[in-house]
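Read from first to last, the chains carry the letters A, B, C, D and E; within each, the first residue is number 1.
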Amino acid sequence: MFFLFHIWLIPLFPAFGAAVMFCFGRKLQKQTVNAVCVGVVVVAFLFSCIAFSQYLGYARDNPGKPYQTTVYTWLGTDTGGMNFVKYDGTPAAFQTDVGFLLDPLSGIWLLFVTGVGMLIHIYSTGYMAHEGGYYRFFGYLNLFMFSMLTLILANNYVLMFVGWEGVGLCSYLLIGFYFHRHSASTAANKAFIVNRIGDAGFLLGMFTIAWYFGSLRFTDVNHLAHSGHFAIGDPVITAATLLLFIGACGKSAQLPLYVWLPDAMEGPTPVSALIHAATMVTAGVYMVARSNALFVLAPTSMKTVAIVGALTAIFAASIGLVQNDIKRVLAYSTVSQLGYMFLALGVGAFTAGVFHVFTHAFFKALLFLGSGSVIHAMSGEQDMRNMGDLHKRIPITHWTMFIATFAIAGIPPFAGFFSKDEILWQTWSSEHGAYIHLWVIGYVTALMTAFYMFRLMFLTFHGRARMSHEVEHHIHESPKSMTGPLIVLALCSICAGWLGWPHSLGGSDRFAKFLNPVFAKEAEVFRAEGKGGQLAAGEKEEEHTSPIEYGLMFLSVGAGVVGWGMAWRAYRNADKGYAEPIAAAAPPVYDLLYNKYYVDEAYDYAFTGRRKVGDVRLGVMGLGEASSWFDANVIDGTVNAAGWMTRLAGTLSSWWDKWIIDGLLVNGPAVLSRIVSYPVRILQWGLVQWYALVMVFGLVGFVAYYAWR
Amino acid sequence: MQPVATTFFFYFLSGITVLSGILVITRNNAVHSALALILGLLAQAGLYLMLYAPFVAGVQIILYAGGIMVLFLFVIMLVNLERAQKEEQFNKQWLVGLLAAVALGGLLFAVYVKGGTLFTEHIAQPVENSNTQQIGVMLYGNYMFAFEIASLLLLVAIIGAVVMAKKRI
Amino acid sequence: MAPITTLHYLVVAAALFILGVIGVLTRRNVVIILMSIELILNAVNLNLVAFSRMWGLHGQVFAIFVITDAAAEAAVGLGILIAFFRNKETVNMDEVDLLKW
Amino acid sequence: MGGAQYFTGTDYLLSLPIILLTLFALGILLIDLMIPRELKWVNAATAFVGVLFAAGGLVRIQLAQAELMLQGERVEWAFMHSMIMDHFAIYFSYLFLAGAAIAILMSVRYLEIEHEHHGEFYSLILFSVVGMMVMASGFDIVLIFIGLELMAISTYVLVGFLRSDKRSNEAALKYLLLGAFSSGIFAYGLSLFYGLTGSTNLVNIGIGVQRELTARHNHASPILVVALLTTCVGLFFKIAAIPFHQWLPDAYEGAPTSVTGFMSVAVKAAAWAMLLRILIWGLYPMRKVYLPLLIFVSIVTMTGANLAALTQNNLKRLLAYSSIAHVGYMLLGLVAFASVDYPDAAMTDGLKGILLYLLVYTFMNLGAFAVVTSLRQRDVIGDEIDDIAGLFSRAPTEAVLMLIFLLSLAGIPPLAGFYGKYFIFLSLMESGHYVLASLAVLYAVFGLYYYMRIANAMFMREATDKTRLPISVAMKFALGVSAVATVYIGIFPERFIKLVTWSAGL
Amino acid sequence: MQSHILSIILFTPLVGAILLMFVPKDNKDAIRWIANLFALGGLLVSLPLVPWFWAQRFEPGFKFMEGAPNNWIPSIGAGYVLGIDGISFLLIMLTTLLGWVSILSSWTAIENRVKEYYIWFLILQVGMLGVFMSLDFFLFFVFWEAMLVPMYLLIGIWGGPRKLYAAIKFFLYTLFGSVLMLLSVLFLYFYNFRQTGSYTFSIQALYRTAPHIFHDPAYGSTFAILLFLAFFLAFAIKVPMFPFHTWLPDAHVEAPTAGSVILAGVLLKMGTYGFVRFALPFFPDVVMHPKVRGWMIALSIIGIIYGALVSLMQKDMKKLVAYSSVSHLGFCTLGIFALNPAGLSGSVLQQINHGISTGALFLIVGILYERRHTREISEYGGISNVMPLYATITMIMFLSSMGLPLLNGFVGEFTILQGTFVENWRWAAWAVPGVILAAAYLLWLYQRVFFGTVTNPKNEKLHDLTPREVLTFVPLLIMAFWIGLYPKPFFQILQQPVNQLVLTVRPDYPGISSPVNASIPAAPAQAAALHPVTAETTKVAKP
């Protein structure tokens, strides 16, 4: 059990790689960089696999029990010194450990993160071969792996938050990898700051949990949540879960914090694949799934999660319909798929959500890597309008991407079919059909997904070649280091879904069974509360198989096929200046979608203040300007107003600041006192008899005072 | 020596004193002022005599009227006052100054009227004889040290006057 | 007529005092200002001598010291005046305003 | 009243320093006639030695007093109770001598540059110190008055000592006219006190006033009030409290700088000695009567002086206003002495504060003026703030010393000036004058601003004149003593606090 | 040795300063070497404190006590009493460390009047150390004020174009607050006298009596609040809390780099230290007064948000960092007035963190300034291309400043916010946006300065960090990671004093009966010492 007992080592491998890169990377050869950076991830993957298998043995002996290990106390003292008062007035220790936890949920994440991560590392050796800052890139990637693994393996919220922020940082660094591009650095900033907004919610959520439960360790929180001490619908837990969900929204790009993810495509493509598709963005899902014990106690939060998820799904999918940048389409697709996952979580189908994360990891990574391969082949061109007819030139890419497209479109028996179908079915059946409207949204989204994905495929690989001649001349299939991962991922995209082959189709749904220990208690809670409809997926399946399920299954496959067909009709022969069907049918809708509902602009006007509304700057920068103005004028102020009033009223030109900035408290008194001291100086106009007169006045005054006292 | 016609002499002498005081501060010609002052000092010496202070009266006449005023007259001659005599004699603040002084005087007067009873009750115990002798005893007794210091004061005054007035020391 | 009490002398002295103050405050000529100061000191002396009729000879002795002081002040004052006049050719006090503020 | 038995050896013992100083002053007048122009420094040396001798005389008095104390005898009174050589007087005498000594050291080179190097100068300084000692030790208003005049007349002459300088003439003339005017008023007040109590001795005046107050149920009669006020005019004039302060900036500016320094410490200390003698020793029964007066005057003084100092561009004038401001603080110590909250308990911290203030003030202010004096060169008057600009590059030591003096004046610990202010604040808090205390500390901050203007000029501006400043040995000595004292008192104030406690007879 | 260690630490820099006075002015290298040696020496002599203190970190009361009350100026009750607890220990170590770093960093930055510069700097060091060590209010006050002068000169002589203004502003502001504090403490002094019959400024004596003013019918709560406000003003100006902060940007912008480092790193901490050492234990009931506490918290939160917003819009790098200090110190005061163990520990730790991170930020700005002599953000761009190492270090320090986990900033902020949250969730909720804004202004700054291509030709030739410059960052980086990764030792050091403090302010705070304290027999006595007993004469434990 060595490997299980030392799971804390897993994040350290990539951390070591990152440290080596940052300290010595500049002097290292590319081969060495490859060896170190890919090596550590491979080691981490193998370590994870063995640890996972050992955990399976451990779980046999201790059914339902996660494996936990504490390395050291991180925040707080372990000498009982720092206590705080819980909501009920009892003391609790302020203490956070660096502790790790392995259970089925984190095991699944662990495996696909290290696995996909490994593949993407390998892929990157090829993709990035000709880029500057090679070591830097791999250092960031390794750092990312470290953070992600910390996030997954943490046994408490705070350590999870460490990974959470860490992946955000790495995302920032990697988006800004091409830092000399202004758009890249702006996108990086955007990603970090939007994530920070979510993180703020996460932080507050954590504080709420700590205040309410007295601990931030998952097992403690779950234990207390299961203890029946807290009623369903407890407002504090609702608040806590909503706050956590804000965090999830930021990280997993849900409405309204999704805006950073499309921009994040400024990063190198492997980064998009690893971070912005397969792993990091699913952290929100992971966190919500991890907190399932809390969420089930807060139906309002669940409902919110479901609704936000569904809305995000259709919102992003609709934007994806008309985008021309190959990576952007995939980015919106990712946002949309993440919406699906949250929809699943929100309706209580935790297993389904996790399952979709799992399958999505493979096919979305594959899609991104494939698109990377396309871009590689196209000498950096990303606009699909300038592609076409690539299927013969880069066949491996073509075929692997097609597999992924089938998967995402939900065509059986590819992976996506199982997970997406599960989600839609659970949505339909939850709460006795209370979520049917969400199912409708999900269904339409499925249709759109199929359409835009096949649109992407046709525009890229079929139709007429629309690129320029030089580009055409250079088109070549990618090196083996890139195609290898593509093939592996393609295999996974086909097979991964089989793990969750549903009972209705004669399978055993091993996936759900495996996750059972994590979510089983929630099913009990639901049952106890008489909300049988919201049962966790794994539980419900075994009870009965409704004929409706087959109908829905058929419908969703139908959606995939219809989408395929529509795309085939519209784009199979796309030549230069091809027509967009939506633009033809409803130009305003096309414009709206093409401009992404103008959300970025709206944010810039309203929240960031990067753009002015008329002459007024709103948002944070507006506040900043107002505060600066306030600081310069009011706080630092103007008592000297009298002399300066006229100028003040004049123009807002440069000297204004200079004069006004110095003020109320320092220059103010100085000038004021000069004014005030004038009478004192008048008393001293140098005439001796005046002095004598003042003295006599003084004497007269004193005598008068005493006379009339 | 019993006082005779006290009331008359008092009003007469004090009238002269005050009048000459007024003259001192109103004359254009500084010499006239000085002469008026001398007159006033003499009248005051008369008042001292009425107050049984013959020694002080003598000092007043000899030292003040005789000594100090001569010094004044010398200086008036020394600094050419022809020009000053023709100019405006009062400064620009004279009205304010006058008012302030009159206010002060009014207050003093009011105070004396209100609290003067203090000084009307004690009727003088005339110390007639050997006034000079007793003053001498006091000067060399009680006030011996002050007397010595006063001599230094005069010395310093001499040094000062010399230092200031002499062209080259 | 009422008997002449100390108070009468005090009033005369006060009048002299006020006259001296008026002189100091209003006259331009330094010499006359110095004389006005002599008036003030004379008022003091009159006070002292008047009081000494009540209390004994201390007042008269004090008056002699005041006279000494008046002499010293006059001497030094006039000396300074001469030095001043030598440099500035004026004895008008309101032309003395080099030092101010 | 008999003859010779009035005077005993103790009279001469207790007036020993005064006698010594007088002898030396007369000696200088004689020596001056005999020595050539180049050796005029001998006068200074003689005067310095005279000061040392006088200090020796003071030590002699202390020894004798200590010796007789062992026999259970207190020897303090002299000359028929008209003079008292108590700790208070001895303390102040030391202060005067220290001030005079440093002023003498400062003067040597300065007077040479001014071409006014005469023996009379030193002689007058010694005479004025005699006057001061008389003021501090006099217990009879006649003696105090004569001492005051001796000091004042010597000072008039010293102020006008630069006879060819119009500003010096003018300052002397103004000082003299106002000084004489104020002494007239002062004497008028004293005469009224004599008339009310029938005595010229402070003890009897105090008794008489008490009797007077008791007779009128602790209500002061109008004449008593007039007597008090006219006396106070004289006192306030000498310490230069607003509105009786106006002579001071002019006199300070016009006077030779070393004299300014001398005036700002020794003359001021003497005025304070006189004020404390009269108001506390003599008129203690009236303390509740003059309390509002003191409060008013101190507030007005702090306010006016601080405001006026802000705009000064002349160093001497600025320091003059600052010294007026310090008077305001010191008056607060007197306010605290006559506390309203605890009418019967004398709060002596304020008195300690004043005495300590005067002690540290002697060193720091003289030090500051010494630096200003050293700025005087052939063609530079050296008393404008511009003249001190860049002093740090011209004479770093002096600049740093000046900084020390300024910070000390501003009351920054751990420099001597802090303790003066500290005791004032302490006494105010103790006696319950919280508002006054707050006001005082605010003005202390205010004060820092104008002191720092000088520091800014020295350290942060470029010098217009790059030549290095020559400093005489005597000046170095004066500066060194002042600086060491300022810092030493600041760091080890204990024995000095003990000293003032001792001197106040507490 | 142990018993005099504090004096040794305190006066080592002074010895250096005195020694420097005798070095000829023109021998700049010798001056630099001596100054650096003594700064390093100051750090080295303070190092033995670490193991010694560690060994007794859980013991109650002050450690390494030196001197005795009233031994300095007996007639006014002032003593030379030094002693430290966990809070001052950390700040002292920070001071010696930053002192060395900033002196090292000025090797090339200061070219004129080198000698004076180092002398003032070393004297400043003495003042700062004295403030943290004094256990006598009078002594404290002396150091507190004395330290202003060298800082004033450092800003005024070696500062930027508006140095005169900035220097005097700094001086006046700080003095203004501190004189009122002096008055307030004078009252405590007399109050102590009336209660115990002894005049003393010993802090431990005042601890016992000062809290009673609040309940004393002769004075009452309003009076106690006024007294507290005087303290508050002094410390709030120093911190600086909104709205007393306007001296800070000016002082920072004009000060030389090392001055800014010390100013931000140590001087600002004196305000927060003052709160912890004086304001809280002197006026426990006042700080728990809901209105007072509400105002304190409100000002802290306003400071956090406002400072961040203002720094967002700055065009001058140094000013940006200066305003960010306002924001960060807002967190510190927030933690203090959370008045629970987490808040207070977090606050003190955050003070250390701020010293490290913001100190480093000023060094960073200073390095660019030294090369280009401008701090305008718009002058730069693409610096990453020419100075990669510098860019990396900057990134790490920015991240530390914005509170990224595993770096120091997070530990402090998290602890503070958690402590605040359990007091009142709204306070924490208001403060949290500060975390977001911190990311915004720092990242935006980073983008504008480091990202992009080099647009300004003047920036093309910039050379990367020299080994000496790297050396200045090394300790800061180590500390940043250490606190970020393993803050437990720091929390343990703070545990005892912070719990004592909380017990003083809130005697009924549940859960503070740490096993360690319980195991020490002296624990009840310690609680008694904190719980004021009237009329108990001054007793000071000898080390």
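Annotations
Everything that follows uses one rule, which is that a residue touches a chain if its C-beta (ideal position, glycine included) is under 8 Å from a C-beta of that chain, and two chains touch if they have at least 3 such contacts.
No experiment lies behind these values; they were computed from the predicted model shown.
Counted as hops between touching chains, the shortest connection from chain B to chain D is 1. Seen from the C-alpha centroid of chain E, the farthest chain centroid is that of B. Across the two candidate interfaces, B-C and A-C, the one carrying more C-beta contacts is B-C. Think of the whole protein's Cα atoms as having one middle point; the chain whose own Cα middle lies nearest to it is E.
Using the average of C-alpha coordinates as each chain's centre, A ends up farthest from chain C. Each chain gets a centre from the mean of its Cα atoms; for chain A and chain E, those two points are 37 Å apart. Chain C and chain E have centres, each the mean of its CA atoms, that are 65 Å apart.
Computed centre separation for the pair chain C/chain D is 26 angstrom, with centres defined by C-alpha atoms. Distance between chain centres (mean CA atoms), chain A to chain B: 102 Å. Counting partners per residue, chain A has 681, 684, 686-690, 692-693, 696-697, 699, 703, 707 as the residues that reach two or more other chains. The set of chain B residues that touch two or more partner chains comprises 91, 93, 97, 100-101, 104, 107-108, 110-112, 116, 119, 138, 142-143, 146, 150, 153, 156-157, 160, 163-164. In chain D, the residues touching two or more other chains are 142, 146, 149, 153, 156-157, 160, 163, 172-174, 177, 181, 185, 195, 222, 225-226, 249-250, 311, 449. By the contact rule set out at the top, the touching chain pairs are A-B, A-C, A-D, A-E, B-C, B-D, C-D, D-E. For chain B in complex with chain A, the residues that touch the partner chain are 91, 93, 96-97, 100-101, 103-104, 107, 110-111. Only residues 58, 165, 168-169, 172-173, 242-243, 245-247, 306, 309-310, 312-314, 340-342, 345, 382, 384-385, 388, 392, 399, 404-406, 410-411, 414-415, 417-419, 421-422, 425, 428-429, 432-433, 435-437, 439-440, 443-444, 447, 450-453, 485-488, 491-492, 495-496, 498-499, 509-512, 514-516 of chain E touch chain A when the two sit together in their complex. Residues of chain C touching chain A in their complex: 21, 24-26, 33, 93-94, 96-101.
Here chain D touches chain E in the complex through residues 392, 396, 403, 407, 412-414, 418, 422, 425-426, 429-430, 434, 437-438, 441-442, 444-445, 448-449, 452, 455-456, 459-460, 493-494, 497-498, 501, going by the rule given at the top. In the complex of the two chains, the chain E residues touching chain D come out as 72-76, 113, 116, 141-142, 145-146, 148-149, 152-153, 156-157, 163-164, 167-168, 171-172, 175-176, 179-180, 182-183, 186-187, 189-190.
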